[in-house]
Every structure is written in C-alpha cells, then in structure tokens.
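Chain naming follows the written order as A, B, C and D, and within any one chain the residues start at number 1.
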C-alpha cells in the first residue's frame, strides 16, 4: 500500500522471531536448570576463584564462562538465576496487568467519579520515584520473593492504568461504541465486546514490556541487597558482586549484564511485535 | 480567561496530590506491621531508648493525631532529625539536592539534544536507511533502562576504554573552594574551568545513562509527530511555495510537533529523576538518591520521609511547570 | 394523515460549554437545538437539511436517544421515550436504528463484517439473517469474513446499512451517509436505500447537507439553521416555493451540471 | 497543440512498491487565462496530476515518463532546487481543506508574506503591503487585524479566502486548485467559487481546477479532462461536454450527478458494463505501454 505496510510487516516479523527465540532459551534454561547447569550454582571452591572464561589463558575446562571470587560457576548461576527472573516476570507482570488494566478500563469507559478517584490515585503514585518506593516497601515488608513481587505490583499498576485509560477514552469516542448502545448493549457488554478487543493489543504489548521491567526491578533490588536471600543466585546479585571486582574479573559482571540486556530488550520487542501481529489493519 | 482557569485548577489538583503523597508516606512507614521504633533503632537498643523515642514521635497518640502533628511540622519545614547522623533532615536533604539537580538537568539536556537531533534527521531522511538506523537505535534505547546503560557504560568507557571516572562527583583529592552545593554552576562562575572539567567528566556517564532512555522516547514521539506533520496540508503548501524539505521540517512542522512532545517530556523527566536513585548508587555519586538508599539500609525513617516528600514536591512542580508552559505556548489557549 | 410514527414536540438540546467554564460552578449552556417540533409519518421519508453547525447531527442522535434532550417530548409509536432509562429503552432499541456518517469509525476495526452485523442480533455469524442482510444491500455473502479496512467506502457504508436493517427496525436515521462517497457510489447507495424503504416498509429520517440528493428520496423536508427549523414542507413545494430566505439561498447555491448559467 | 502555459505530455507515474500505474500517459494542455476542470472519482488520479506539477507527489509514487512543461521548461529535467524555485515563483496551490492548510502555530500575516520574502526576495514591508492588498481583494474586512490573528480564530470560509489571497499574492501565472470547496457548506462554496473565478479572470491566471463535482465544472470551467484510473478518457470544452459527452464513462458520470431542477431525473449509478469497458481500455493501454517500454 501507499504507506509501506510491507516494510513494517517484515520488520515486525523479524523482531518477533528473534526476541521470541531468546525468551524461549531463557524459559528452557529456567525450567531445566538442574539438568543443564554444569555445576551447583552455590558450590564454592576458593581454589578455583576468578577463573576467566574459556577462550582466555588460565581458563579451566568445565567452567565455560569462568567463576566468581568465591569460585562459583558463572554459567550455572546464570542458568539458575533465570528461574527467579522468570517467576518475577510472570507473576508480577500478570498481577500489574490485571489490576492496572481493569482500573484503566473502568476509568476510561465509565468516567465520572470512578475516573476522578482513579486518576487522582495515579497522580499521587506518579509523584513517587518508583525505585525509591520499591526499596522503601521492601525495607518495610521485608525481603523475599513474595515481597519483591508485591512491591512491583503495588508500584507499577499505574503504567497499565494510564495507557489503558487513555486508549479506552479514545475508543469510547468512536461511532461503533455508539452503535453498540443503539443496538441495546449494556455498558458492561459494550466495554467488553467493543472496546476491550481494540485495547487488548496495547495491553499485550505492555504486559510483555512490564515483564522485562519486573526483571530489571528485581535486579536493581538485588543490586542494593534488598531482594531475595543472598544464597539464591539472581542476575542482579551477580551484577552487584561483579561491580565490586570489575577490574579483577570483568566476566562476573559482563555475562549477567548481557543476559539481562538481551532479556529486557526481548521482552519489549516481543510485545511490540505481538501488537503489530494482532493489528488486522497490518495483517 | 481560560489560561487563569487552567493554572488555578492545576494548582488545586497538585495540592491534593501532595496531601495524598504525605498520607501514603506516613501510612507506609507507620501502619505496616512491625514496630516503627524498632525499625528506627539499630539492633540491640535498650527499652529506655524505645520509650524515649516513642514519646518524642508522639507514638502514644492515635494514628490520626500523629499524622496531624507530623504533617503540621512538615508544612513548617520541620522534617525531624535524622537517626543515623543526628542532623536535621531538611539540612541533609537540601545539602544533597543540588548534586542531583545538576545531574538530572545535564541528563535532560543530553536527552533533548540527542532525541531532537535523531528525530529531525530521521524525518529528513525518512524512508531511507538512515531512518531505519534511527528506529533501531530508538527501539533499543526504549527497551533498556538506565540501570543497564549505566553498567554498560562503566564497562565500556570506564574499564575497557577508561576515558571517564566510574565513581564519585569530583576527584577526592581536589581542593574545593565552593560555598554552595551547586559545584558545576559555581565552578563556572568562579572561572575554575579545571574543576568544571573534572565535574563534567564525573557527570558524563551517569548523565548519559539517565539520558539514553529519555532521548529514545523523545526521538520516537517527535519523529512520529514530525512525520505526520510534514504530510499535513500546510506543510505541503509550504513546499509548493518553494521551501526546501529541511526548511519545511524546521519552520513548519517542528513548532507544531513540539507541543505534544513537551507534555511527554514532563512526565518522562520525573522518571529520569526517579532513576537517579539507582544511578547515583551505581556511580557512587553523592546525591539525594544515593542518600535515600543509605537511609533505607540504615532504617533512618525521618530521613526517608523527608527525601520522598522532596522528590514528590519536585515531581509535581515539574508537571505543573510543563502544563503551564504548554498552556502558554499553545496559541489556541493563549488567544481564546 | 395523522399516522405519525415519531412525534417531536418542543425539543431543546443544550450542552455544557467547557471552553468557557468558570473556575467554580457550572459551565454555561450552549444551545444546539431550540424548540424543534415535527412528526414523521409511518413509511415516509423525512429529509433533514442544514449546513455545518445547524444541529442536524445532534437532532439525529437525539432521535435515537444517544444525546439526552434538555427539554421537550419524544413520542415514538405512541410511547413517550423522552425520559426512558437505558434499561427501559433497551426493548425499543432494535426498532430505532442509526446509520452513521463515517463508516470507518462506525465499524469496529477488529471485528469481521459478519460479527459486526450479527452482534446487534445477538446471533452467530452463521445466522441466516446476516446473509440476508448482506443480500439486501447487494454485498457478496463472502464479505462476512472480511475486516472493515478491506472494503471500499461505498461497501463500508452498505455494511452500515446492513447492520441497521438486519434488526428489522421500524425507524432508521441516516446521518449524511453519502457525503463521503463518490457520485457513482452515492447514486448506488441512494438507489439501494430508496428500494429498501419501499420493500421493507421503513420509516426514514435522512440527514444531509445537500439538497440535491434529498429530492429523489424524501417525501417531506425540514431545513435547520442554527438549531431552529426554518422550513417544513413537502419536498415538491420546497423546491418550487421555498418559504424561507435561507432555503432560497441553499437552493440557489447548488451547482447544477448546466453550463448555460455561469457563476 | 502548443502555446499552453502548462503542458503535460505523456505523463506516467507508478507505485514504487508494486509498479502499478497510477497515471497513464496523461496529456493536458492549459491555456493562459482559462480554467480547466480535472474531474474524476476518488482514485482517478486527478489530485496526483496537480501534485506532480507542484513536485509534491507522495513518496510512494514515482514519475516514470513524460514531460511537465511550464512556460516551455520541462520541470522533470530540472534539478531539485531549480524546480522548487521555478514553482515557487510561477505557481500556487489553493488546497482542499482550509482547516488544515494554515499552520496553527503561525499568525496569518507571515503565512501570506513568507513566499514573497523568502523565495521571491521582497522586503518585508513590501510583502505586507501586498498582503493587505490581496486580503482586501478577497473581501476580508479589517485585513490588518486579520494578519495578526491565528488560524483557529477564523471561520472555515475566512480561512479559505486567506488561502486564495495567499495564492494570488505573488501574481502566479498558474494556480492549481485542489478541491478547494469540498470541505465547505454549499452557500459558502458558491461565494468562494465566484471569488476564485473573478480573481482568475482579473489576473489572467491559468487555473487547473481539481474536483469530483461536475456541477462545479459547469459553473466555472472553460474546458475539462475526465479521468478514470489515471487515464484521461475525455478532453473537451465545457459546452460540448454538457451537450453530450463522447465517452461512455463521461455520460455515465453526468447521469449520476444529482440535479434538483428536474424532479423526474433519477440518479443513475454508473453501470457495471461502462466500468468494465473503461477498465478494459486501461488494460489494453497498459499492455501497449509495457511493449513500448
């Protein structure tokens, strides 16, 4: 067509497959971690401390990506770290999505008092620096996997709420929504059958993005030592350790960083790719 | 006068927001399970200590009374005394604020320059490889948060190719003649450009890490808005008058495309400032954010409250400012 | 000749003017329609004509109760529907339909044509009434599986008509339904509509800014200017002896495809 | 066939993506001081011809052959900057939608004077005097005040007058009017059309009038080209067209145009066999074109 939809489609396809592939690798690593990890991720061996990755002089076979200062295998810790990352991504992502999208739909479609209250709440939430809010919450309710997930949901529901509300408002102005009213649909049915399908692609894209953000927040909390207990391997924890020994053993920082980078990038791109895939106008 | 109305009603909602923030800050640290006094004190404090503190904070009164007392004090600028340093919270917080402001503004400037540049170039060469490149860079910039950019910069420009220092606000061995905490600005006024250079070198990586996601957002939104605008009738009309493409983008499309971008920059700038919390930590930059993390780790309750309230004030002020600017720049509102 | 299907008496519609809202208190009211009274006879076609800002679209939307009237009464088939609540209105909804001006906005982009037509019927896409509606508007049945963006403007407008008539309503408001179309599709849609009115025994309110398309379709015409009715006449009389200056102006401004009288 | 101020010869344009032809060997000749209507339904390519002359074709389209001669100079052979300068000095556009054709961020004055100052090198003072002159010519009262206003403060009819004034300000030899009244109410349309044809006659401008409305053509044009699928299917003067179009498609289009004076005239949709015939003509032309290429 005139606006070059062909090119958009091709690009969307490539990014959907590439990001999907990486996320599948991470998911497989998480599920089968005990089977694929070459070592026990917690096993310390000070004799094998700070071994470099396999291609460098002084590398030890069997420790592909080297070891950290306590002699723990970096690759095994990465693989086991995927478990925490994925659990946080799924649970926190879906939790935020459900709460935020529901409130956003209600505010955007029903307007009135519901909208005023919800919007004011969002305003208040937006006045907090999110990371500081998260750190504060964890400090108050204590560390642990559940706390991390609760903190992410409590803080980030506004992301869904804002976007979904705006999108719902847009859709509510369209004549097909009026048309549904003329057909005698109840407001609830109009919202679910006419508006929701048009907002859904945005929600899906946001959900995927949010999963990436959840992984990052977990990493940041681990980085300031406030996430999961320290003996469980997490990517953020590895980065915190790596940051301390960056001049002696860069690989302890670089490998978890690359993993985190690719995962976050993939979540975001996967969401955008899905959104384009969903769009009947592009399809 | 629509402008006056916009200004006043925004002002009112801002007030409501701030009161909401105060309530939540109060509730989070008081009502949540766990003895707040125990939280405030280092482990192993005596019963006498606990009682003394309870009386000091009026914890024997009802929650509502406690809130009124605390909020009344806050309104008078009294945020209490830091538990870890025994200094007034307000002094501590204001002492660190300039460092964070300088860092955030520098990041904002970098983001606006990078973002606008990318958007204009991407629009000028739309449909070509250049645009694909800009889009790709934007996609990555949008997806990867400041924390990861910071780490990446540390490895690349701090370790592999050590161009910039990876920690601190200024080299510790330097003599600092400053009388305010606005080091960067003061160094320029005192014509101590050696210090300016040193400060900028320290600031560069954290500021860039904060700026990259915002730059990508600005670039993406402005480019989208520019691309729509350059196809609008008035831009086409300008082209038929004999103007070049670059001229059409800069003088016809840009003024109209900037307005929606501006509102977005407001919200996103608050996100950027929020990002200083972790970026300052990462680069051991002595600002408000770094102090906040320390306060949480030390369980310094009054300090945490003070910092959060200050952040909230800054955030709402920025949003207010952006809304006002928008109202004044928009000819529809200005001349209605 | 008093068999009115729809009777409108003293209708007034006001909306709040948010651009002039003071800081405190209610916004001033903007009068869109003022003292509108007319009736539509069963199986007749009423033309509603006016320029932009005349309030004709608001009138159409008030007739189907999308816009709340400020004052006046709407009596549909002997029943006062002015104040009916959403729930009480629901059984009447399928007897009163609206065809929208912009078919792109009126058709949900994420639903297939079949689902768009079937939804108001509360039926499945395979329902015979869906196929029958497509037949009625001269679209191939295979279109049921397509999406709105895959259709041309004229085809989309026919889908809008199909959705409205599938419910077998008594009364349809058609709001500027040919103004976005080329003359050839315009002629097709108008012919189609004229035939449907005859075959299905419909009562139609046809809103248009264009007097030239009104003549063939309508039995009576009302002309709106700034929210008031300035003319209400049988169609032939309107063209031969317009009573109001504005109507004369409108008639005078139509560019007839006749080069003997140049402007 | 020469001496026209604007002469288009054998102009073909294709979609870059698919290679499909959008303009099919178009020939148009516009004499100085006359108005030629360019008529067709949506997708007929009528706007594309105007855009090709002005050099603002959408990027998805590409001109593949032909000549566009303005005063004997082939635009398509000129360098970009030279073409822009020539168009800026000699040709103006009256756009379709007055609500979107004025830049909401700029005041009215500069939007009229900018071409005079930036492209034609007038002094700001002279340009402003000229702007006041043309605003009065289009019957805008209090022109000095209007020049300081923003577009949103003015009605649609006012804005269209301003756009017309702006088009005539530089005394162009050629004006392309792209459906300039489609967005307006019928009473305003009449005033605007009268205004355009008066100004055109007074200034002796050659005017290419793009429209879908044969009624409008009958009222103001001298000659017309009927387009279907990017091909000129009929090229004649107005009197002989309305007395009896020679091409079946032209006849059908005229029959589909509503006329209110005749109560018995029924609107006839363009018959399918006419469409089929004209499509077949296009197909034949394309086959020859490919061979010739």
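In the analysis below, a residue touches a chain if its C-beta (ideal position, glycine included) is under 8 Å from a C-beta of that chain, and two chains touch if they have at least 3 such contacts.
Everything quoted here is computed from the prediction, not taken from an experiment.
K.L.:
By the contact definition above, name the pair with the higher C-beta contact count: C-D or B-D.
P.N.:
C-D
K.L.:
If you average the Cα atoms per chain, which one ends up farthest from chain A?
P.N.:
D
K.L.:
Could you please state the distance in Å, as a whole number, between where the Cα atoms of chain B are centred and where those of chain D are centred?
P.N.:
The computed centroid separation for chain B versus chain D comes out at 52 Å.
K.L.:
Could you work out how far the Cα centre of chain C sits from that of chain D, in whole Å?
P.N.:
Centre-to-centre distance between chain C and chain D: 33 Å.
K.L.:
Mind checking the centre-to-centre distance between chain A and chain C? Centres are C-alpha means, answer in whole Å.
P.N.:
49
K.L.:
Mind pulling the residue numbers of chain B that touch at least two other chains?
P.N.:
Within chain B, residues 127 contact more than one other chain.
K.L.:
Enumerate the residues of chain D that touch no fewer than two other chains.
P.N.:
In chain D, no residue touches two or more other chains.
K.L.:
Would you give the residues of chain A that are in contact with at least 2 other chains, written as numbers and ranges?
P.N.:
If we look for residues of chain A contacting two or more partner chains, we find 4.
K.L.:
Please give the residue numbers of chain B that touch chain A in the complex, ascending.
P.N.:
13, 16-18, 20-21, 24, 28-29, 32-34, 39, 127, 139-140, 142-145, 147-148, 151-152, 154-155, 158-159, 166, 267, 270-271, 273-278, 281-282, 289, 292-293, 296-297, 299, 304, 307-308, 311-312, 315-316, 319
K.L.:
Which residues of chain A touch chain C once you look at their complex with the stated criterion?
P.N.:
174-176, 178-187, 193-194, 197-198, 280-281
K.L.:
Mind listing the chain D positions that touch chain B in their complex?
P.N.:
Interface residues on chain D, with respect to chain B: 54-56, 59, 81, 84-85, 87-89, 91-93, 95-97, 100-106, 111, 114-115, 118-119, 149-150, 152-153, 163.
K.L.:
What residues of chain D sit close enough to touch chain C in their complex?
P.N.:
41-42, 156, 185-187, 189-190, 193-194, 197, 212-220, 238-239, 242, 252-254, 256-261, 263, 266-270
K.L.:
Please give the residue numbers of chain C that touch chain D in the complex, ascending.
P.N.:
Touching chain D from chain C are residues 51-52, 153, 182-188, 190-191, 209-216, 236, 239, 249-259, 261-263.
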